[in-house]
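We just call them A, B, C, D and E in the order they show up, numbering each chain from 1.
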Amino acid sequence: MKTAADPSTLRRTRGSTATESQAHDVVLQVSGLAVDIRTHRGTVRAVNSVGFEARAGETLALLGESGCGKSMTAKALAGIMDPVCDLADGQIVLNGTDLAALTPKERLKFAGPELGIVFQDALTALNPVYTVGTQLGEAFRIHRGLNAKQARAEAIDLMKRVGIPEPESRVNSYPHQFSGGMRQRILIAMAVALNPRLLIADEPTTALDVTVQAQIMQLLRKLREEGQMAVILITHDLAVVAEEADSVAVMYAGNVVESGPVAEVFADPRHPYTKGLLESVPVHLERGDQLKSIPGSPPELHDIPSGCVYQSRCPMVQDICRAERPALRPAGRRRAENGAATATADLERTTSAGTNDGGATARPVRTAACHFSEEITNA
Amino acid sequence: MLTYLRKRIISSALPLVVVVVGVFALARMTGNPAALYLPLNATQQMRDDFTARNGLDQPLLVQMADYFGGVLRLDFGQSLRTGQDAAAMALRAFPATLQLAATTMVLAVVLAVIVGCWAALKPNGIADRISSFISMAAASIPDFWLAIVGIWIFAITLGWVPTSGVSGASAWVLPIATLLLRPFGVLVQIVRGSMVSALSEPYIKLARSRGAGELRVVTHHALRNAAAPALTVAGDLTVGLVNGAVVVETIFGWPGIGKLMIDSILQRDFAVLQAAVLLTAVAIFALNILIDMGYALLDARVRPVTVKA
Amino acid sequence: MTSSLTDDAAQEGQEDRQPAKQPPTRNAPPKDGQPSLFRLLLKDRFATVAAFVLLLVGLTALVGPALMGDLATKQNLLFANKAPFTMAHGWEYFLGSDSLGRSMLARLVVASRTTLSVALPAVAVALVIGSLWGVWAGYHRGWRENVSMRIADVIMSFPSLLLAVVVLYVFSPSAANIVLILALTRIPIYLRTARAESAELQSRTFVDAARTFGAKPNAIIVRHVIPVVLPTLLTLATLEFCYVMLAESSLSFLGIGIQPPDVSWGLMVSQGRQYLQTAWWLSIFPGVAIVVTTIAANVLAAWLRIATDPAQRWRLALPRKRLIARIPVKEAQP
Amino acid sequence: MPEPLLSIEGLTKTFHVAKSASGNTRLKALDGISLTVGRGETLGLVGESGCGKSTLARTLMMLETPDEGTVSFEGTNPFGLKGKELLAWRRRVQMVFQDPFASLNARMSAGDIIAEPWATHRSLYPSSRERDERVKELLQMVGLRASDARKSPQEFSGGQRQRIGIARALALKPDVIILDEPVSALDLSVQAQVLNLLNELQKELGVSYIFISHDLTVVRHVADRVAVMYLGRIIETGETEEVFDHPRHPYTAALMSASPKLDVSGAKRDRIVLQGELPSPLDPPSGCHFRTRCWKAQDICAEVAPEPQVLTAPDGRRHLAECHFPLDTIKGLTGAAAAASTANAL
Amino acid sequence: NSDGAGGGAADTVRVVLGQEPPTLEACESNLTSTGVVVRSNVTEPLIERNPQSGELEPKLATEWKATSDTEWTLKLREGVNFQDGTPFNAEAAAFTIDRAVNSKLGCNVEGYVFGDADLDVKAVDATTLTVTTPEPDPILPLRLSFLEVVPTSTSTTEKVREPIGTGPYKIDSWDAGQKISLSSWDGYWGNKPAYAKAEYQWRSESSVRAAMITSGEADVAMGLSPDDNIGDLGVDYPNNETVALRMDANEAPLNDIRIRQAVNYAIDKEGIVNSLYQGKHQVAAQLVPEGIVGHNDELKGWPFDLEKAKSLVAEAKADGVDTSKQISLVVRSAQFPKITELAQVLQEQLSQAGLNVKLKMLETSQHLTYQVRPFAEDDGAVALMTQHGNQAGDAAFTVDQYMLSTGAQSYFGTPEFDAMIKKADAASGDDRQKAFEEIFAYQNDKVVQFAHISHQTGILGKAKSVNYTPNSSSGDELRISEMTPAS
């Protein structure tokens, strides 16, 4: 593997940019992550050498279309993959421990205190037959050995924390008695119960109304700031990424095709896929105008082409794209060298005031996996 | 809950009446019982006397009206065979069957849950294959045959348990083992199936993400969700037991309602038959209500007072 | 009608407890080219064997009796209860002889036809009536549903033995009447399942879509409801097939089942039980036949249930190895 | 405004449900809805989940019977129709459903799905050859291949499925198509494809759309006029630009503000984050339904339900809003947001 | 092997029956299931028939004689008390007869032994009783042996489930559905029985009854089958039952005597007895076994001669009898051990002879509609398998029912035959014996309503710990007092 997300690349990145004291910023470091799924047509790779890092107090967005492997990545991180899926390769270093090397039993110790996850579908992710109090308190019972009464008290605290009104009475309600937004809050509460260093939120608002979505995002932001958590936000909503995330990794067909600080990536995409996505959003257009859409659909997992994964839909495809898969390479100009980009980045980072101390040097370089990333023109 | 119960009871009343009317009419289609109760050389006069004495000469509707009149006064008539009060006979036989059925079902459920969970943990694994084979075999062995083999092996050859009868705890072993087999076999498959699907639900992943271990996941999170289908089937199986313990009762000399029913059918002992059917039907309806309440207990979503989403 | 809604909710609770069918999610299994049922079957060794066994039983029932001629009825009182597993008396007595000196083998073969010709029609009749009725009741909901469910309750709590005796009394004891009884008493099983499924289906979007074209209820039932419900019902029918075989043998035990000189496996077990200590093969062989057929049907039903469920089909298609591993244990990195 | 093709007047629909906490069993999903749709026009319908958008669509499709109110389609009320006339009406109004996965029967082929309406409307294409031809045409019209007719829905992606759904709706050559969240289940890139398709079809065939969505960006892009719903009522209607640029109802303003914007220019945005939840439609607040979440609410809001009033913008454009204290257009959004934050602080 | 539940205490004899007695009412004790418990254990008759010799012996009556054509006078035993302490006397005896025979109670024994006839009963003094019959009745004492004596306190309006008698045992408890316990009664007039207690249970499967003997849960088991494989714990006894086919001569093809003869020839009785019943039964030539008054020692079973049968059928056919018409072979399921097998053998053998036989296995109630008048309408000829047990010891009980052309269980007869029967009924002593012998011979010769198959042998399971020798009446009257512990 020669992608930039290789440990070697990362190490180089860090070695050249970060001092020892800044290393603690990086909560999670994923490299070379690969997940295989066994299907009746043989084993397919759903996630392929994915690498990124998440920093305390910051939000990393994993962006991509449905089926591109976002949730799979999240589940691999959390160690809760379906039985047909195998972690084929890679390291998941959480606070210095490689989770990928642990046995399932050992991993249980990390689930909760170190790493929390919020699921995509709040409707089904809560156990319908138990009160939310029981479910909220379970983490405390498992990891802190509290008794039922203490756990219930903790649950009420948690519900307060995530802004559920009248927690004392609602703690005994069942999931179906809550609205979607409330359920999502409960899921979030559950994930942050033990103040994990890393919070993975898998499309936490996709099923929700905009007004509720705004509430949930506000809550996530608040919690992140309070706990200095690293947040991995999975979504396919560009607008949410633009508003909430510090950095973004764009995924396509199991691969990270572009990553970097949000403002830079969105302002100046270095991968045709990112560009295509940005252009299909109907803004700044007259009504009735033709939207620019990406033709075709993502490749099936079992016939991902050997060259560039995006070749079948790419308007700039060349022979080399069919022959050789582009590695994830630094792309674009470094922000420090680009005044305009810095300005946007500062503005965009409205909430995480403390993280920028290390200066621009602490940030990962922008990377893109395209043979012609330099040739992309952005109007 | 109470209004719900009341409603259920009222809505069960009509089917109950239908059952009794049906039994009443059907029973009388089986012919005049006179020949069974009179000596073979009985004269026509004696037959007529018998028929008149038991009101069987009346038109069916009149008989039925009489009967329901009696039922309202809690008079269920008398047994032709024993001359006893029909209701008393049914009530006396009922507990035996109920005890047998209840014990059997409790055991079947407990065993099936254990085996079913064990199998569901690793779908298609060795344990799963073994348990599904055992359960299928269990569900497909003719019970009377098993009963007799059981007596032969365990009572005669090994002498561990008595062959039959109701005296002492050891006498329960064979009847229960015989009755147990089918419910156990069926339930294992149901539990396994619903456990497999429960275990693939997102909330199980969520529980794992909280650090819940395997045992906890199974016992705390999946089982209760998987219970409802098992409850439905267990209910149907219990109905089957109450209705169909005849074979076991016949072989083991268990004085239960099933045996009473078949005896009264074969002996055209209408009053007893009707009382027994009514009692059984009431029990079955009660069981159904209990099962509904069981759902509500298991899962708050089906509690009667909730907004339908 | 307000009151019935609560009742409905409860009913719903009772019958719709099958794990809710998830609408196909975006993570639905890979599209295109579903492997054919037959290839899937071959992939599952157990299901293949089961299918083979059932095929064999079916063939036996179909052509066996003709092959056996009158062997099954030819008595020889001097040759009663001969032990099995010896060719000394000719192939026809390889499985021994019964208490009237008839060939066990031949009788088993002939009995297979009776057994199937009771079980199959009984299941088929109950399936057709119960399913159509249930689908209709579930589709229309309301009073039709309520009345149907009450009728199902009535049948369920009705002593089927009484029914058996009445039918056998009023008509004559024959395979046809046993079919009738077994079918009648098993209708509620299908009725309930079909109702539950259909009630759920009638609220599906594609059914609504059909309504918006102005399609008539019956057309919708035929086009949209039945094809979806059918696999579930067929699976159920397979299981019921086993139940019916057992029920038939229980009737034989009580003396109101198949009557000699007809012979079914159930009857053979029932009559052989008296010889358990002197001639075990009289009841063991037919018993084994029942158990094997039943298990085969069960295995196939379990397989079919998965194979016809688009959301579960992938399970079958998986390479078997390592299915057990949930999270693979990684070798420590060097 | 084009001549109205479809007009709705005071449509009310109540569902009977199991008891709520307050003992209420009547759920007013639609509460006196009045709307018009012109020929060839697109009406956008926005609102939070559960506010009654789908119920309105279903009622228009006669999948539900309204309790009150009238629907008039070129002067006829479809709810009085029977037999042939009803079928004829059904032909002219069709619907595309929200979920492209659930709305197609997985056991039918794409071709059969598209041809299904003709099984009822036999006279349209009596011969099977004609039908096959037409299926191919339709498939091509929605951007699929003619050879796709034989594939089953599972073999299509979400966007392709939605195209099949649209083709099915087009099969009867309707005048109005109700689109119930046609793109919300789709990915961004696919969404664009479908929106383009809808746009082209409208240009080509001149159909009217009722476009239901909760994605304001999309609605803004497709709709000529928008109606904003809240708890079964239309609280604001008007031309799209007018409503988006000058929302007069606080709820509309909040909705606009809450929806995330893909804006990499970095302009700092004030947002109104509404507090509290959507009240249960079983027990809606008295008076103005929105008052429990409204930062402008006063005593009168709890007592009197506001009547729709015509509001005129400075540029002379007018639209309808139901509010006692409509927002000042001049102050605009920022003012509203500021007011909201103060309200929340209290 | 004495861990059997129910704890077989040494002073208790445990009996397992085939079914629970519906009642223990004394006036229904002619029912096998009732009588087996009650008779001679709880209650006693005035006169008792010795099953071995067939002689009548004194019980509560010490002597009796016909004082006229229609009147009998009985002398009663003195010093006998009922179990409730009241004395037994002529009044009680008269009461018993009145209650059973002349009341509206509908006692089974009334129909069984007395028919419509009412008896005129008089207690002359405390120990003398006269009974007057409307017609001369030479076997009235025999009939009286069916009446179990109860005290005058017994209800006359209702049947009594647990009677009080004068017998050696009184009813302790009846645990409905489970068991009946008797215990020996101190005030018994005769010898004290060896067992202080008797316990009855019931199991309908004969294999289970046999198993209970093997496993030591029961001491005596009734009605076992040869295949229960109980070994030397099974004791054979002639149980008076005779199996035969009764043929309906009103319908073709059975209306031709040659066909009925062919049926007789076609049945391989030896084969059946030897193979199905392990040689324990006897080939029958008449409806009553040895030991019954009227049994004809001369008669031999019809030889098995298939060729002859075939030629008879052919002959009949040649004469225009429709031999292809279906004959229903009507059989009651589970009437006696291996009846299904027997039925199938008969069907097969009759078919061999060229007859078209269809087997009809019926449950009791249905079977009864074929067995007794009025006969079920069946569109075809019926050959009914009947098992007849003459418990009274006199052929009249058989012949009146089975052979009179109007007999309750008879399809047909001839006027001469009827006359013969009437004459025999009125005869007594050696004449009676002769008359009945002739009747049996005549039936085989000229009437051929029956194809006799076998006289059955019962098997009684008996634990090693009990001494008991069953006799022909053990099935109806199991005398606990005849059992003694073996030690």
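By definition in this document, a contact is a pair of C-beta atoms (placed from the backbone, for glycine too) under 8 Å apart; a residue touches a chain by one contact, two chains touch by 3 or more.
Chain labels with UniProt names: A, D = Oligopeptide/dipeptide ABC transporter, ATPase subunit; B, C = Binding-protein-dependent transport systems inner membrane component.
None of the values given here were measured: they were computed from a predicted structure.
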Subunit D to subunit E, fewest steps along touching chains: 2
Most distant chain from subunit A by Cα centroid: E
Interface with the most contact pairs, given as the two chains involved: B-C
Separation of subunit A from subunit D, taking each centre as the mean of its C-alpha atoms, in whole Å: 32
Separation of mean Cα positions, subunit C and subunit A [Å, integer]: 49
Geometric centre distance via CA averages, subunit E-subunit B, whole Å: 39
Subunit B and subunit D, separation of their C-alpha mean positions in angstrom: 53
Shared interface positions of subunit C, touching two or more other chains: 5-6, 9, 26, 29, 31-32, 165, 169, 273, 276-277, 323
Shared-contact residues (touching 2 or more other chains) in subunit A: 66, 79, 83
Interface hub residues of subunit B, defined as touching at least two other chains: 30-31, 123, 148, 152, 250, 266, 299, 301, 304-306, 308
Contact set on subunit A toward subunit B in their complex: 75, 78-80, 82-83, 105, 108-113, 115-117, 119, 121, 124-131, 138-139, 142-143, 174, 176-177, 187, 190-191, 193
Parts of subunit D lying in touch with subunit C, wherever the complex brings them together: 16-19, 25, 58, 61-63, 86-87, 90-91, 94-95, 97-99, 101-108, 116-117, 119-121, 151, 154-158, 165, 168, 172
Subunit E residues within the subunit C interface of the complex: 206-207, 225, 227-229, 268, 271-272, 274-276, 333-334, 337-338, 340-341, 343-345, 347-348, 359-363, 365-366
Interface residues, subunit A side, partner subunit D - complex: 65-66, 165, 179-182, 208-215, 217-218, 236-240, 242-244, 262-263, 266-267, 276-278, 280-283, 285, 287-295, 297, 343-344, 347-348, 350
Contact set on subunit C toward subunit D in their complex: 1-2, 5-6, 9, 23-26, 28-29, 31-32, 34, 204-206, 208-216, 219, 223-224, 227-228, 310
